[in-house]
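In what follows, structures are represented as structure tokens.
Two complexes, one shared chain (chain A), two partners (chain B, chain C).
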Partner chain A sequence: MKMKLQDHMLVPKHELLSKEEAEEVLKVLNVRKEQLPKIRADDPIAKEIGAKPGDIVRIVRDSPTAGKSVVYRLVI
Partner chain B sequence: MVYEDVVDPYPFPESLRKEILNELEKIKPTKKIAKKIVEKCYQAYLSNLVEPGEAAGIVAAQSIGEPGTQMTMRTFHYAGVAEINVTLGLPRLIEILDVRKNPSTPMMTIRLTEEYAKDRNKAKEVANRIEATYITDIADVATDIRNMRIVITPDERALERKGFSFDELKKKIEKGLKTEVVEEGRKLVVQIAEPSFKTLMDTFEKLRKLVLMGIKEIRRVIIRKEGEEYVLYTEGSNLKKVMKIKGVDFSRTTTNNIYEIYEVLGIEAARSALIREAISTLEEQGLEVDLRHLMLVADVMTVDGELKQVGRHGVAGEKQSILARAAFEMTVNNLLEAAVRGDIDNLSGITENIIVGQPIRLGTGDVELIAKINMGGDNK
Partner chain C sequence: MIPKRVSSIKFEVLSPQEVRRMSVAKIITPETYDDDGFPIEGGLMDTRLGVIDPGLKCRTCGAKAGECPGHFGHIELAAPVIHVGYAKLIGKLLNATCRECGRILLKNEKRDKFIAEIEKSRELGQDFEDIVKEVFRVTKGIKKCPHCETEQMEVKFDKPTFFYENEHRLTPKDVRERLEKIPDDDLPAFGMDPKAVRPEWLVLTVLPVPPVTVRPSIILETGQRSEDDLTHKLVDIIRINQRFMENKEAGAPQLILEDLWELLQYHVTTYLDNEVSGIPPARHRSGRPLKTLAQRLKGKEGRFRGSLSGKRVNFSARTVISPDPNLSINEVGVPLVVAEELTVPIYVTDKNVEEAREYIMRTEHPKANYVIRPDGRRIRVMDSNREELAEKLEPGWIVERQLKDGDIVLFNRQPSLHRMSIMAHYVRVLPYKTFRLNPAVCPPYNADFDGDEMNLHVPQSLEAQAEAKILMTVQEQILSPRFGGPIIGGIHDHISGLYLLTRGEKNFTKEEVMSIIRPLNITKLPEPKYDDMWTGKQIFSMILPDITIEFKAEICQNCEECKGEECENDAYVVIRDGELITGTIDEKAVGAFKGIIIDEIMRKFGSEETRKFIDNMTQLAIRAIMNAGFSFGISDEDIPDDAKKQIRDLIKEAERKVDELIQAYREGNLEPMPGRTVEETLEMRIMQVLGRARDQAGKIASQFLGMDNPAVIMAVSGARGSMLNLTQMAACIGQQSVRGERIGRGYTYSNRTLPHFTPGDLGAEARGFVKSSYKDGLTPVEFFFHAVGGREGLVDTAVRTSQSGYLQRRLINALQDLKVDYDGTIREQTSNMLVQFRYGEDGVDPMKSFRGKAVDVKRIIREVMAEEGKEV
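Showing the complex of A and B:
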């Protein structure tokens, strides 16, 4: 059985953004790519979703204060 | 759920949106009044947001620091959780923020898959697969110096308890020591080829340290019933190996070693683990710290994609300002070294600017006026 690390209760949902989505996100947030928090390309979850350096990952966390919180990380 | 189209145009956080919808559902106002209510809610929401330029980090530091002083006075020792000793209180909090690779008391909480969780014997089976078993746990080992050999007398009951057969034991030892093991009745004999006392003792040591079953790092496993299911608590931790053991529900298995979580499950999992460990340490001491402060700290520790420690010098690797460092500790040394190296201080932080008597870049000091001056020559 292949384990999916993303199923672990400590890991929030990660999804890889397409080029268009990534641009849209940067425009809405009004930031440059480099200003986003980072995630390493050798991060186990980044590897699992096949993220390459320069990609942007959307992370949907379950937040105890806001219910759901969406953050973005730049793959480095 | 007719109010959704009234609420949804506003960018409320998910939990707030639900709450407003629930309240509206209770009082059932007309659309027009509902819109007014939601508008008011939105105003209240905006005014409660942290303002740009607010020194959120300082507030977080103070909010965690003040209760921390009470912690020092009350605890500096250990308390038992499920018969396992775990570091608590201030030492534990420091450990969490320092991101120690080897915390003083690593511990795992292992939950089992449905099939194993209900039955105590099945749970025991999994526990046996996880707990490190050494030869001394299941057998008597003696050296026979006259005949240059080691005699192993297995304890039949211990063997049965561990679910281990005699042949298996023989094979394991043969594999571990890479020598032949001879059966003598219900005893096992390891004969040393060359007659040297040192080889005998070396082999004996090797045999004692041989992990026959289980995972080396896990020294003890305790089975506890929680509600309907059996849960395993361990002393020692190795998330990567335990996750692969049959019968373990890996998605609900955790460790208190945050660095291990970072390595196995990535930066986001490490962030959630940091928050969870910190808040549970504080809560266990009866201290109430708002979660948002800890979330901020965890965010700062994980922004760069790797776990960074925070200590009294701030987040590791930051604070390049010489003046700020000199104002904190070892003033002369810091200034002297900086002078020797010819360092430059950009005066970008708070401390530096206070020292030189400039407005600090915080709150209202963070905004600057930008005027577009018409440099063209058309209208004067």
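Showing the complex of A and C:
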């Protein structure tokens, strides 16, 4: 039985955005998809949440300065 | 316009055809000028190669001197010569190919495997040097050509340009013939592209002659022409070349020809590089070695590091710095001689034409040095043309007037590690020859006055001046973006002075008060606290703006329970409505990097008020320290004999404990600490015992030194030095260490540090414990150990600075084109790629943060409560 990566304390929360959510995020940030940081589709965490190239992943991690920090990555 | 982009650069080797094709003239005669001083045709100064003398026209492009970029010529060499720069490669190629058929000494399949490997690396943009090296290594070992079965002989390369095969010398001609035979198909295996370089091109048959503009001759005061070093060298080459040709045509004996050939080789070699090992450098008549092609490029002053990466700058000055506490922190003292040389442009308009005219007419200090006409001509203002220029002056001209009081300049000290290393100051023209600055701005520059030099730059455009004034002035840099606190504040005597002034309830008569506050702009004295006597705290309050804060001072003893305002040490500072109620002002209050009061004023009143406070504070502190009198001498670290005896006993006791530990270790009774060996445990215990002994010795010493000792005052107030320094001076220096361990190196085979000890001695004395104090002096053995420990410190700093410097350089290069966008995201400048979704994840500007925190909650609570009129 394989352990879920998300359950590990060092792995921040990753979630796949729906099409509408993704568009909303891009609009708010005023960027094209390609300008986002990337995550590879064969990254173990991307595989786990079932991200496909072209999707956008939201990552929420704890931050020493801001408490919580939200970033987005484009799956390639 | 979209700028053109260089997508790639490729370097190739010039082929003889290429050299001839780009040449505009064949150079045949070593003469340069004829009797009339006119360049000889076919000589090195041929006007087809470009012109440098004014008045002449280039015969190739028709342009005048200064406009013609110059054109290459060529020399046909009578015999081929080896190019020094390629000699090593030639040697490798000769050994990797067959001496008969010229093929690579590998079977085709094996060669193709290597070629494929190289091609793959190249495609991936990786280094293929190693594969090529491997090819040369493999082929060198092969004794028989796999293609024509010829036995191979080893070609020995003799630096710099000679090749031997079986003691038989290969002439450059032989070498060239062999290289010619190498087929194009084999070259990729050596990492060479046959289109870019044919191996025989590495042996020169034609020499390109650089344009005269590259090697201009200079005319000395005597009217004599002095040629460039390159021209001299080319003359030598042509001379020998001609002699060789003449001798060959005359059928001279082989021996003479060979000598001449070698001489030609020597001249061409030194022409390319005059610092080749193995041959004497070509010298000028005066004995100075010539500066030839390689020397022009190489080294710190060479073309790359000297001319391209670094350039010189106008409107700048550099000199030694010295302190002047009478200047504002915003000012810099500029020597008159410097101010007379540096200029600020006045762009003449209808409105300032009269003012500009006045500068032209002046004959001393703030006068005009140059005027620039609208056509760009620069005219020096002199006695002879002053009136004429003043009359002609009209809008559109530029008058360069000398630097004067109130001008804005940039001031810099290297290394420029952070943005506070370059700050804008207002000029104060002063006598003498050093730049003067307020000692309170030393911390951001990391400057002291032991001979430091600093640079000064004068912004020329109005935009630059405005930016400097608004963004770069010292007062705008008081808060550091590094930690969100003040980086400018009192140092050394400022802190001692205010400490002496504000400690306890010192009383001052009216005369004393007046003499202390004399340099300050104070018009009204407060009511005296005692009849006709003012306290130091009252005097300090005179310069305080209306602030209310409470904090623990640097001298705070960290008592178990803080008594607040009732602190016995006067270490709890309370400032209420700009009045110092209790507490002593020390480093924590006004020091650089700490300065809570400075921080508070900056946040409440802004930079202008803070600047005034720092200016006043430094002046007040200096008057206060002069009023009290402050000095430090060797007798200030005297302690009574009684104390000395106590310290001696203490150390003796510690040494006894160490011996006991060693005894226990030897008998195997020492209990190891968890996770450590017995040896490690012993070392740690010994260090512990000795460390404690030193601390206790220090405590005893400080008991006898007392709080009014100047060294103690400096240490506790944070002005300079520490209690540890004092301990080492008065009581005991303590354990010397290398890499955090007691000194154990020395005679490894007998396991002792010095011959004074028995082998294996682990005692305190034998392993670098120094029980003397600096004042008592060290024994020779102690001195030796102290030097060992001191050396480590020196090496450490040397290594650390270079390492951290390189680290910083890499960081800067990696981050240089990131910027904070208007929406708070971090983006890459050109591609607009997102790097951070919010600056620092919280979007806080550290300079405007409160010591790194986004909000100062305490402060907000205090302010809100104050508004509602409640006590906190």
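The working rule: the second predicted complex is superposed on the first by the 74 of 76 C-alpha atoms of A that agree within 3 Å, B and C clash if a C-alpha of one lies under 4 Å from a C-alpha of the other, contacts with A are read in each partner's own complex, and residues count from 1 in each chain.
Here, a contact is a pair of C-beta atoms (placed from the backbone, for glycine too) under 8 Å apart; a residue touches a chain by one contact, two chains touch by 3 or more.
Owing to the predicted nature of the structure, the values given are computational and were not obtained by experimental measurement.
Asks: Who touches more of chain A, chain B or chain C?
Replies: Result: the larger residue contact count on chain A belongs to B.
Asks: A:Ala22 in the overlay: touching chain B, chain C, both, or neither? Say first, second, both or neither.
Replies: neither
Asks: In the overlaid three-chain picture, which partner chain does A:Val11 touch, first (chain B) or second (chain C), both, or neither?
Replies: Only chain B is touched by A:Val11; chain C is not.
Asks: Touching A:Ile56, do we find chain B (first), chain C (second), both, or neither?
Replies: The answer is neither, since A:Ile56 touches no partner chain.
Asks: Just checking: does A:Tyr72 make contact with chain B only, chain C only, both, or neither of them? Give me first, second, both or neither.
Replies: Touch partner of A:Tyr72: chain C, not chain B.
Asks: Does chain B (first) or chain C (second) touch A:Pro44, or do both, or does neither?
Replies: In the superposition, A:Pro44 contacts chain B only.
Asks: Starting from the residues of chain A touching chain B, keep only those that also touch chain C in the other complex, and list them.
Replies: 37, 63, 65-67, 69
Asks: What part of chain A is in contact with chain B in the complex they form?
Replies: Residue list for chain A touching chain B: 3, 5, 7-12, 14, 37-40, 43-46, 59, 61, 63-69, 73, 76.
Asks: Hey, which residues of chain C end up touching chain A in the complex?
Replies: On the chain C side, the touching residues are 823, 825, 827, 831-838, 840-844, 854.
Asks: Can you list the chain A residues touching chain C in their complex?
Replies: 29-31, 35-37, 63, 65-67, 69-72
Asks: Enumerate the contact residues on chain B facing chain A in the complex.
Replies: 13-18, 243-244, 250-252, 254, 261, 263-269, 272-273, 276, 291-292, 295, 299, 302-306
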